[in-house]
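Heads up, the next two complexes both have subunit A, just with different partners, subunit B and then subunit C.
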Partner chain A sequence: MSFSTFVTDKDGLQKLYEAIISKHETYAPVEKFGKYDYKKVSSLKECDPDSPIAMTMSVKPLFFPRASKIMKYEATSAGTSIHETGQDQLSGPRVILGVKHCDARGLQVLEAVNKWDYIDSDFLNRRANTVIFSKRCDKADTQCFCTSLDYDLENLDALDVAVVSGPGGKVYLQARTEKGENFLKENLGKESAAGSQQALDEMKKQYEAFAASFRLKMDYKDVNEKMSKRFDSTAYEEATRNCVSCNTCAFICPTCHCFKISDEKIKDTGVRYKSYDSCNNVYFTLEAGGHNPRPAKYRRWRQRSMHKFVYYKERFGVNLCVGCGHCAISCPVNISIFEVVNHVAAAPMEV
Partner chain B sequence: MEALLVPSLAKIDRIIQETPDVRTYRLKFKDDSISEKFSWQPGQFVEFSLLGSGECTFCISSSATRKGYFDCSIKRAGVVTADIHTDLEEGDDVGIRGPYGNWFPLDDIKGKNLLFVGGGIGLAPLRSLIQYCIDNRGDYKDFTILYGARTSADLCYKEEIEEWKKNTSIKVVLTIDKPEETWKDNVGVVPKILEEVVKPEIANTKVITCGPPIMIKYTLQSLDRLGFAPKDVITTLEMKMQCGLGKCGRCNIGSTYICKDGPVFTYEQLKALPDEF
Partner chain C sequence: MDYSKQIQDIAAKLFAEGKIDVFVGYRMNGFDDNQVPVVINDPKEVPALVFTEKSVFNLSNYLKADHTRNKRVGLVVKGCDSRSLNLLLTESQVKRDNLYIIGIACEGVVDEKGQKMQNCIECIVPDAVVYDEMLGSPRGKKDYIVNADIAGLAVKGLVERREYFEEIFDNCIRCNACRHSCPLCYCAKCCIDQETATIYNGSNTASSAFHALMTWSLHLAGRCVDCRNCEKACPSHLPRIFCINRTRR
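On to the complex of A and B.
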C-alpha cells in the first residue's frame, strides 16, 4: 500500500475529531435506547466514534437515502411543468467517523450496480465527497459473520482512513485512499514513515483475537456453489416460514438497493419519490392482472438469498452480503440470512 | 437529485381508441431538441408517466422509420393505466423516459422469412418491428402476420391491418376465439390456427411472437411441434419494472436484468432463465 500513516495518541485523535466536526458536515455513531445509527453531529459529546460493537443501522442512507425526491411538478389545466430537485448541495467533503468495516464494505459493493451501464452519479458523487474514517469493532456481535466474506485486512480500500489503536495509547491513522491521504495531510500535518508497517502489524495482531470472537463462520464460496445447485430446495420454505414480509431486513441492510418510484400529489402540485423497496414484499413483482412470479414467501426469500450469495456475484464479481448481521439483529421473527443460506447449502440435492 | 429518473414532457397529439380497453397515444416531445435526439429500435420501451398518478412501462408501438412521433398503445390494466384512460385527452402532457432495453435482433432476421404471431395487446411491440420491416421490405423474404384476439372488437390497429392486407407482399391471417355473425376470417385460438391454417415453412424462418402468457405458452409448444429451433423464436418479456435502467432490481430474474438484457429474448435464452416469470 502506498499511502501514509500518521501517528498520534488518544488526545490527538480527540482533537482531530473535534476539529473535523467544527469544520465539516460530520456524521458519527450515535446511541439511542441501545441502538446505534450514523447521525449528523455538532460535537464529540453527542457521539461515539469508538463504539465497540456493530451498528444497528448501516451507513447506506447517507449515500442512498431512504426516500429522496426525484422531482416536483405542477399539473394544471394551464399546462404541466417539471422541476428537477437539483444536485445535492455539498460544501466541501462530508466526514463520517467510526464507520464499521462491514458498513464501509457495503458501500464498496454497491458501487458496481451504480456504475454499470447507466451511471448513478448521485450515489457516486456522494461517495466521492465523503471521507470515511473507519474503526473495526472490538469484537463480533452475536449475528456478525463479516470475517467469512472476503474480509481482506490489507486491502480494505472501502475506507478512506483506518483508525487503529496501538500499545501505550498510540493511535495510527492509516490512509487507505488518495482522498484519505490528502485529508489527513491537510488536517494533521506530519506523517510517520515507520507508522505504516507498525499499524499493519498491530492490525494483524489484533485481528486474531477479533476473528476468534466470531460465533458465526462459514465457507461462503462453498455455500455459494451449493446454493446454485439447490434452486428448487424445500429448505427455503423450512427456513423462512416465520417471515412476516415486513421488509425490515432489506431496509436495514447495507447492500440492499431495490427501490420504488411513487407519486404524491395534492391538488395541482406533486412530488415523485424514489424510496426503499424489498423483494420480500409481496407486491414487489405483482403485475396488473394478478400474475405474480414470486407469490409465495419462500420464493421471495430465495430471491433475496440468491441475489445476496449468487446472482450479484455472477453479474458483478462480488458477493452482495457483507456479513454485517444487521438484518438478523432487527428481524422481528429472528430469521438470519446466515442460517437460511447454510440450511439450504446443507440440504439434500433432490427436492 | 436522482437525475436519471426525471422524465421529459411530451404532448399527446392523438388518441386512437383501438378496442374497448386499448388506446394508442401518439406522442411528441414538447422540446424539439429532445425530439431530434430521441431515437429507438423496434422492441424498446419507455417509462410513461401520468404525473400525479404514476409511471408505467410501455413498448413503443410505432417504428422510428415513421418520423415525427412515437406511439404507445395502452391497455387498461390497473391503477395508473385506468387513470391514463380516464384522465388524458388530446393536447395533454405526459412524462417520458427512455428509450430503454434491447431490441429485436435486426441483423439476425435480415434475409429471412418472417412470421409474426401476436395476440391481443401483444401486437403492440410487434407492430413497431412490422412497420420497420415494411419500410425495409427488400431486406426480408416471406412476410406473414398471424394475429388473434378474443373477439373481433379486441383486435388492435384495425385500420392499419386493412392496409397490411392490401399489401400483396404480406400475408395476413386473423383469428378470433369464438364465431361471430359478421366475422368471415378464422375462428380458433392462435396456436391452433398456426398449426392448421398458417402451416409455416420452417427453413430460414424467424418467428417473432408476443401475447398474453397463456397464448405464449401454447404458441411456444406449437412452434416446438412444428419443428422450429428455440433460437429462431423471438419474444418479448413482461416483468414488472420501475426504473427501466438496471438499478431498482424489480425486473431481475436470476442475474438477468430484463430491462437491460431484455425485454427481447429468444426462446433459447428464456429456457436458460430460472422459472420465475
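On to the complex of A and C.
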C-alpha cells in the first residue's frame, strides 16, 4: 500500500500543529533547564517540535514510564487486599509532535520484546493509540550514527507522519502508516496540496544531504559478527576503564527496557511501582545470597554492548541500538557505545 | 593553560622510575576539542595525555574505583579536584603515600560551548591545595562571591523555595549520575542507590527523588567542596544540585 505525500510551508505546518494541539491530546518537547522532555502541551508556544536532538530526552517515557503503578495494596493484620491502580493516563488517543526518527525506531524495536513471552498490553495499547509526527533531521549531530544501523531511515515506518523540509521553505508531510494517512486526511486544510513526483525527488535529495553529514559510520553486520566472537576480549576492559557506573546511559536510552519492582508504602497502604533499572548498576545482578556474577565494570559493559548488538539480534533479528547518540551525549565522561563496540570489533581474536 | 607536555614528561618519568602503577589524566576524545578522562596503566599510552582548559571532569572521583584501589596512582588535580582529594585524605579513604599528585594552578575550565564554568568564576581557591608538584604560577586566594541563585533563593519564602525544589525533583530521572560522579560519595553502599533504599522507596518517582536528593545533600552539606561534578554529570541538566548543599549555610 502506498501512502500520500502532502506539501505545505512553514506557516502551514505551524497552523497544522496548532490545530492538532487544540483538538487532540498532544505531547511535544518542552524545554526545562536547557533540556527538552516530552510533556503534555496546550499551546504551540510552550513547546518546540524542532528541538535539537542533542538536547532532547528520548520519547520512551511516554510508552514505558520512568515509574508506572502496577497495583495498590493494603496490608493489615486482618489480611492483604489488592486494588486496581485506576485508568492508565497514557493509553488514550494522543499525538506526539517532534519525535526524532531514531526514537521512533526505538519504539518499533521495543515492540518485539513487549510482544514476546509476556505480552505487555500497556505498552502495545499506548503505541496503538498514538500518532507520531517525526521530523527528519537536516544535519547529523556529533554522536549520531543512525544511518549505519540495520533499518531504512529514509522510509522508516515506525512513525506515522514524516515531516521533511524541502528547498525554499517547503515542508513535506508523508504518511507512513494507515493511522498516519487517516490522521493527515482528517486534519489537513485545503491549503496542503498533494505532493507529486517532484516532491519525492526533493525528499530524496534532502535525505542524501542528511546522510552525507554523518561523522560516525560503521558496518553493523561486521560489528555484529565480530562481537559475537569476542566475548572474552580484553578490549571491553580497555574501552570502559573510565566509566563511573552511573547508569545514565540506560536511563536515557530509547531502547533500554530493564526494570525493577519497588514499593512506596506509608503505614498499611502502598503502591507497587515498575521503574527503570540499568545493567551498568553494580546491584543489577546481585543475588540474595550475596553472589554477584557481574562484579566488574567491564563485564557489565560487555553485557550492555552484547545485548544491544548480539543477543537482541539473535533473538529478534534487529539491533537494539538505534544510533541516537543520547548515551554518549549524556555520559559524564563521554564514553560512546559506538567507540566501545568498534574498539571491541577491531580487537584481535582471543585464542 | 596548556600543561600537556609537562604532564606527559612527569607521567613518563614516574612510570620509568616505577613510582606508580596507574596514571589518571585526560586525553582528547578524538573528534573535536573536548576531552575524556583516561586511566592508564601502560607507559605506551602516556603521549595521549593532555591538559588544557577543557579538562573538566574531577579525577579524584577515580580514586574510589577498582582500577586505582590499593595501587600507587599518579593523577592531575585542579584546585577544586585537590580540595575533594584533600577531603578523601582527611577521611582516610586514600593513602597519601600511594599518590603522586600533579597540582595545577588553575585558571578556570570551560564548558563545551567555550564559556567559563560558573564554579570557576566563583572559585576562591584556584590553586591545588595538596600536591607533589605544582604546574603554573600560584594565583592565591580570591574573594568569596555569593552565587546569585543561592542569594536569590535564600531571601524567598518557604512556599517559593518548595516550588523551586519540586521543579527539580519533577525533572530528576533518578539515574544517580550525581552520586556516582561525586568524588566524596565513596560509600560502597549508599542509601540513595535504588536497590539498597530502605528508608524511602527505590522507585523512580518525584517523591523518591525528593528523599534521595535531600538525603544525599544532607550527607554532603559541609563536606561539599563545590567542584560541581554532579551538575556537569546530570543528564537532565538540573541546576545547582549543589545549591541544596549551599543553602544550608
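Everything below uses one rule, namely that the second predicted complex is superposed on the first by the 320 of 351 C-alpha atoms of A that agree within 3 Å, B and C clash if a C-alpha of one lies under 4 Å from a C-alpha of the other, contacts with A are read in each partner's own complex, and residues count from 1 in each chain.
Throughout what follows, a residue touches a chain if its C-beta (ideal position, glycine included) is under 8 Å from a C-beta of that chain, and two chains touch if they have at least 3 such contacts.
Given the structure is predicted, the values throughout are model-derived calculations rather than measurements.
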item	value
First (subunit B), second (subunit C), both or neither touched by A:Phe231	first
Partner chain(s) touched by A:Arg66 [first = subunit B, second = subunit C, both, neither]	second
Subunit C versus subunit B, contacts on subunit A by residue	B
Touching partner for A:Tyr276 - first (subunit B), second (subunit C), both, neither	second
Partner chain(s) touched by A:Leu286 [first = subunit B, second = subunit C, both, neither]	both
A:Lys265 touches, of subunit B and subunit C: first, second, both or neither?	both
Partner chain(s) touched by A:Ser245 [first = subunit B, second = subunit C, both, neither]	second
Touched partner set for A:Thr142, first subunit B, second subunit C, both or neither	second
First, second, both or neither for A:Val333, with subunit B first and subunit C second	second
First, second, both or neither for A:Val113, with subunit B first and subunit C second	first
Overlap of the subunit B and subunit C footprints on subunit A, listed as residue numbers	260, 262-263, 265, 277, 286
Touch list for subunit A against partner subunit C, complex	32-35, 37, 57, 66-67, 142, 215, 241-242, 244-248, 250-252, 260, 262-265, 273, 275-278, 281, 283, 286, 296-297, 330, 332-335, 339
Complex contacts: residues of subunit A adjacent to subunit B	68-71, 73, 75, 79-82, 84-88, 113-114, 116-118, 120-122, 231, 257-263, 265, 270, 272, 274, 277, 279, 284-289, 291, 293-294, 299, 303, 306-307, 310-312, 314-315
Subunit B to subunit A touching residues, read off their complex	1-9, 49, 51-55, 77-79, 81, 92-93, 95, 213, 238-240, 242-243, 245-250, 252-255, 260, 274, 276-277
Residues of subunit C defined as touching subunit A within the complex	29-32, 34, 36-39, 57, 61-62, 65-67, 167, 171, 173-177, 179-181, 193-197, 201-205, 207-208, 229, 232-233, 235-239
